[in-house]
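Next come the structures, one after another.
One chain, subunit A, appears in both complexes that follow, with subunit B as partner in the first and subunit C in the second.
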Partner chain A sequence: MNSFEDKLRNALRREAAPEGFAEKVLARTRGLSQPGAKAWGQFGAFLAMPVLRWAAAAVAVCLLVVAGLVYHQRQERLRREGEMARAQVMQALRIASVKLNVARKKVQEINRETPPSRL
Partner chain B sequence: MNVTQGRIYINPALILFGATLLGAFSQPTFGQNPKLDIKNVELIAKKASEVVDVNLDGALLKLAAKFMTAEDDREGLEIVKNLKGIYVKNFEFDKPGEYSQADVEAIRGQLQKPSWSRIVSAQSKHEGETTEIYLMTAPDGGAVLGMAIINAEPKELTVVNIVGPIDIDKLSALEGKMGIPHLSKDAKESTKKSEGHHEKQK
Partner chain C sequence: MTTVTLQQGGEVLGRFIRGDSTAFADIVQEHQSMVFSIAYHFLHDRGRAEEVAQDVFLRLYRHLDSIKSRNHLVFWLRKVTCRRSIDEVRKLLMTPPTSLEDVAVLAAEPTDLDPLLSRGLRRMVASLSEDARAVIILRYQEELDLADIAEILDIPVNTVKSRLQRSLEILREKFHRRAGDVQR
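Right, the complex of A and B next:
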């Protein structure tokens, strides 16, 4: 009987709480009292899933590829427009120069044909 | 307290009048524009067998200038870098009389003094060809603001309108470059031929 009582006493004896126990309990209760923090925690945990990480990386790569393609197409269009404008400038200068020189030559010819007046 | 007491009331009609005056005097040489209205000749395009229509405003010229990087383009770039616009209409016809003198007069009518001055007018009655070169200069007579060339042949009509400070000597010096035929050589050859022909006749 005595040994039983001794075992019971030993089992139910007062024991000091481990160090930091109170802080841990308080932190837990604080976390439980803020549902937003819990949601964020869950969201964080959701994002931490490896499948999602791969999916996010794939989406990022796709976006980069699309952005690159759009940029390339825009540059190509700009280059084509620039080349076309350059060709038009050349053509315009050609016509303008030819017509200008035709007029000059005609004036020169007229001056050559007209003898200088002797005063 | 009346907040509107300190405000000055301006008549909207006065603002409109001021804006109109500003618009009129901001254009070079009080109203006349170095850019010609050559839309009327666009109707001739229907009758033409070949059409060259170049419409390059300031933005397109700047874009073109960025692509004029080749060595052959250097002289062309020198000419266009300060220009504000190049407009060319060239029509070639299968037979004479496809355009009227009224079409040419509509353009010529815009090239009036004091802003525009005709610097060259060459007429060949034998060939039925007329070439006129007009220049628009600043009111003080200094800077060139624009140039226009009208070349009317029986089977060809060309209107060139260059807006901005164009250097005529540089434009003329393009002869023999950039695929532009060397007219001096052609002229010399034709002169030699005609001289030879005359000699033979003698």
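Right, the complex of A and C next:
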């Protein structure tokens, strides 16, 4: 071993833990109250199940489709309402035009019947 | 208790999540050497290192639900061991040492090419500042690259690089000075 770094590597290599280390740790965990972590962990594992992942994807797709349909229906309703309003305006304009023509004819008739000297 | 292979790590985590109480024992068995060695090289005291390592595994027991994979588990253990060791070093700096660490070190000396040389080097590492010590231990015990060390210690890669260079300079200097003293 030549380089200083190799000497360092050799000096700092991993050592075995003291005899009975794992047993001591496990004895101390037995003294601990039941970790709430386990319940959450099991819940996490439940959510991580492949079937549930597919189900979640399917639900997401369904939600997207429903949202798309709702959006499309709303746009369609708005378009129909716009067309109706346009038709009503056109109808009103036609009625107004007819009425105006009638009024114009009446004015012309009155003008024709009245001699210019009386004006 | 069986020794758990590296490939089995992810499966062991799954067993613990499913409520298998023996899974945690397998996790401790697999990683005890890494955790204990990081703490030991920090503290240079086997008794305190064992205490720190036990504490790390107890924390792991409480937080195992947040561990996503085997790689995450190893990352978490290294990070928490470093932090816990740094805290312990700082606590020790405030109280005068009373342990029989030299006796313990000699009794537990691992077999290597030159035990005295290795022991000297470990003492030199233990004399570095705690931040520098963390970098050296993760680099030469755990063989991590600079990016991984930066992630574990939550510092920029450039800081790791400069700490590593500076620490190596200090260690080399001490090492050569000591070698010179021995020759004289």
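Everything below uses one rule, namely that the second predicted complex is superposed on the first by the 82 of 119 C-alpha atoms of A that agree within 3 Å, B and C clash if a C-alpha of one lies under 4 Å from a C-alpha of the other, contacts with A are read in each partner's own complex, and residues count from 1 in each chain.
Throughout what follows, a residue touches a chain if its C-beta (ideal position, glycine included) is under 8 Å from a C-beta of that chain, and two chains touch if they have at least 3 such contacts.
Small disclaimer: the values here were computed from a predicted structure and weren't measured.
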| item | value |
| --- | --- |
| Touched partner set for A:Asn101, first subunit B, second subunit C, both or neither | first |
| First, second, both or neither for A:Asn10, with subunit B first and subunit C second | second |
| Touching partner for A:Leu26 - first (subunit B), second (subunit C), both, neither | second |
| Touched partner set for A:Met49, first subunit B, second subunit C, both or neither | neither |
| Which superposed partner A:Arg86 touches (first subunit B, second subunit C, both, neither) | first |
| Touched partner set for A:Ile110, first subunit B, second subunit C, both or neither | first |
| Partner chain(s) touched by A:Ala57 [first = subunit B, second = subunit C, both, neither] | neither |
| Touch list for subunit A against partner subunit C, complex | 1, 4-5, 7-18, 21-22, 24-26, 28-29, 32, 35, 37-38, 40-42, 44-45 |
| In the complex, subunit B residues that touch subunit A | 52, 54, 56, 60-61, 63-68, 73, 76, 79-80, 86, 88, 90, 120, 122, 124, 131-133, 149, 151, 158, 160, 162, 168, 171-172, 174-175, 178-181, 183-184, 187 |
| Touching residues (chain side subunit A, partner subunit B) in the complex | 78-79, 81-83, 85-86, 88-107, 109-110 |
| In the complex, subunit C residues that touch subunit A | 1, 14, 16-19, 24-25, 28-29, 32-37, 40-41, 46, 50, 53-54, 57-58, 61-66, 108, 110, 112-113, 117-119, 121-122, 125, 136-137, 140-141, 143, 168, 171-172, 175 |
